[in-house]
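Just below sit the structures, each encoded as structure tokens.
What follows is a pair of complexes built around chain A, which joins chain B in one and chain C in the other.
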Partner chain A sequence: MSSRPSALLSATFWEPGYEHLVEPVHQRDAAAVRRLASLDVAIHDESGKELASLPEDPGREILDLDRLVRDVAGADGRVMVLFDARYDERVFPYRPHHYAYLHRRGSTAPALYYAVNAVLGGVPERIGAAGLNNFETYVFRTSPFEERYSLLLGNVARFSTAEAEVFLHYERDRDTRNVTLGPKAHVEVDLPAERAGQRLRRVEVKGLFRLASYVVGRRAAGGELVLFDHLFRYFT
Partner chain B sequence: MSVAPPPPALDDALLCYCTNVTIGELREACRAGRWPTAGKEETGRLCTGCAGDLLLCLRWFGGEPAA
Partner chain C sequence: MGPMRATLRALARRALGVTRVPTYYLPWLARPGLDCTLVLSNVEARFKVGYNRGPYALTVRQHDANGGLAQQHELTLRDVTDVVELPLAAVGAGYGIVTVEGERIHSDLYVTLSDGESYSATHGRGEWIERYAPHARLTHAVVGGPLAMAGRTIPAFTRHQYVYAGADSRSHLLVLNLSNVVNRVRAEVEAPPRAQLVAVPPLGARLLDVTALVEAGGETRARRLRLTGNAWFNVYVVGTGARDLAGPVSLMHVK
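What follows is the complex of A and B.
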């Protein structure tokens, strides 16, 4: 084991108008509160430009992401928020996932709870996965619903541009979108729920490098988020 | 997009979050002609999120790209 703390970089996306709270560590035992060694938060606009880099108190139970981001100059649309956590592997034998609460202010839509997408780190040999690839997928429910779907993709790399293919699987047909993202850049890719009378069944993202990725559903009327979930990776 | 090699001021920054390799360690290992160092053979190959950065750094630092 390295003397250096283990590291995990997770990503989410913020947009204005929502209560958005992040729980850096889900405490399961009141008598044995666990804490990260450190937690740094970075905020990037759509082009990848860093708008802020903020060291946070790693002992904080809840991070008010909306309050944090809305005071940052330039954060007037969607931003990508990166959480760089360092932790002691003896305290967190597995990755210290962050969890979040998301709800549009004043909306009648139910609140969303989601696991923040762990993008970099925490996949040493100790989890026993071999033959990893970069196929990620999300399966949509079969019944029609008044939602507009999209995919949020972010490149967390420091220097390199990332390319990815997005496959939209309909009942019989398939559609493909190509995405190119500079370092720390992010994009929302529209996923039409229907194509030639066929429902969208599944979406897949394939790339050489792992990206931050969420599937998003918005109410057709009003546009508030009713689905916000990271894609799932194939482990082989 | 940044295409310039990282300055030494970034040497403490983590490159691979899975194997804990910093930019400075990679730079030094390449300079000494001993990349990958023992125990760091899987750098860039686990979560793969840093693979693009790793390949660029290997090119900049004169290391051999991972096979």
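What follows is the complex of A and C.
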């Protein structure tokens, strides 16, 4: 667990069938790559059970996540992958982040490129926000698409159960889902695109603790990911 | 960037008469069969005491690949939860920069791409556009022209970005010139060394096809790309699937 200012704990989700390549150091030159001092990868199933804990070579530029996970016993469905990165102080004031490339093999769906969700650490003082909170939102297109929406939420805490409220805002009405996640557990929360003839407009996630969170869109027919992005986080 | 380097850059900007105009910008990409729609809101304003009532006036300017103003839209968000979807026209080469101007717009604004069945999305950036004084523009032309003939550029800004290429997916780059001078951007990879120089007009954009620089076959591989420009620029990743640029595509911001 990250506890120092120079540490960063990030999380993503792995599913079988995808090319999934992670950049431990994003947009930096070779010298910056060397400022990643260590990188530990942990893999957890939906209940939070640890399936593997793997120290990685911090000098490796690209981590083949699919190759790493697919041979882990018990990883036969979606798993949450945690990246515990420690940095040489000289990396700052650059705010470290991991990025990743994701594509279902053979699919006509476009490859996705995304910022791995930074859950704890980094250098939050540079954000300049005094009232850090755990309130995220995402706005959807209202046209009817053949696409299923959901949220992937994960609790990165070692010992604490985390609770969150998910608010689904439709044109006039609102629906609420309560989520309770044990340590290292995760869940996919379905977001129906339509409810009583009203289109989904916006989703909000509120919680006492910061969760790993992604908004997800899947093709209705094949289920492959076409949207895998962070929510918009308020800084007040 | 270290403090010393940042100070030197600030001094250089002053000497060249460069001003930075705060600007929110997004990329756009559209063609027949690929719809590009902006999703505009100001939901963050709900927590800004004194500014959370609306309405909010927005001006959207769509520039074509050569930087020309193709379309301008004036619109209004009624309140903090209002969302406006604005379809963009497929003008010129089919891609470019779009800017959004509005008082106290701090929320993420999204650009979405759809093939009619599903859509992908990414957000824009609240950053700036560099405006160079006439003598600085002249310097860029006099020094940059001969360098370009040798495949080089004035190395004022550098970005590193991984690009991906495989048999059934790729990541191309949309290079955005965020300045009022011609931006000659050199993209180069190592081993085997390959380079390409693109001249991007002021507020224009160029689509950098990754296959011009790296092999694209078999399993997807990442390659480190170094981009150098004579003025401020940014890139967005253009993701493609098995049909490459003829199929559905995604756009994604980078840090």
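Throughout what follows, the second predicted complex is superposed on the first by the 215 of 236 C-alpha atoms of A that agree within 3 Å, B and C clash if a C-alpha of one lies under 4 Å from a C-alpha of the other, contacts with A are read in each partner's own complex, and residues count from 1 in each chain.
Note that contacts are C-beta pairs under 8 Å (C-beta built on N, C-alpha and C of every residue); 3 or more make two chains touch, one makes a residue touch a chain.
Predicted, not measured: the structure shown is a model, and the values here were computed from it.
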item: Touched partner set for A:119, first chain B, second chain C, both or neither; value: first
item: First (chain B), second (chain C), both or neither touched by A:145; value: second
item: Partner chain in contact with A:9 - chain B first, chain C second, else both or neither; value: first
item: Partner touching more residues of chain A, whether chain B or chain C; value: C
item: Touched partner set for A:162, first chain B, second chain C, both or neither; value: first
item: Which of chain B and chain C A:111 touches, first, second, both or neither; value: second
item: Partner chain(s) touched by A:175 [first = chain B, second = chain C, both, neither]; value: neither
item: Touching partner for A:202 - first (chain B), second (chain C), both, neither; value: second
item: Chain A-facing residues of chain B, complex; value: 1-3, 6, 13-15, 17-20, 42, 45-53, 55-57
item: Residue ranges of chain A in contact with chain B within the complex; value: 2, 4, 6-9, 48, 119-125, 132, 134, 156-162, 182-183, 208-211
item: Interfacial residue positions of chain A with respect to chain C in the complex; value: 19, 21, 23, 26-29, 61-62, 93-95, 97, 99, 101, 103, 105-115, 137, 139, 141-143, 145-147, 169, 201-202, 217, 219-220, 226-227, 229, 232, 234, 236
item: In the complex with chain A, residue positions of chain C that touch it; value: 1, 37, 39, 41, 43-44, 47-48, 81, 83, 85, 107-108, 110, 112, 114, 116-123, 159-162, 164, 166, 168-171, 219-220, 222, 224, 226, 237, 239-243, 247-250, 252, 254-255
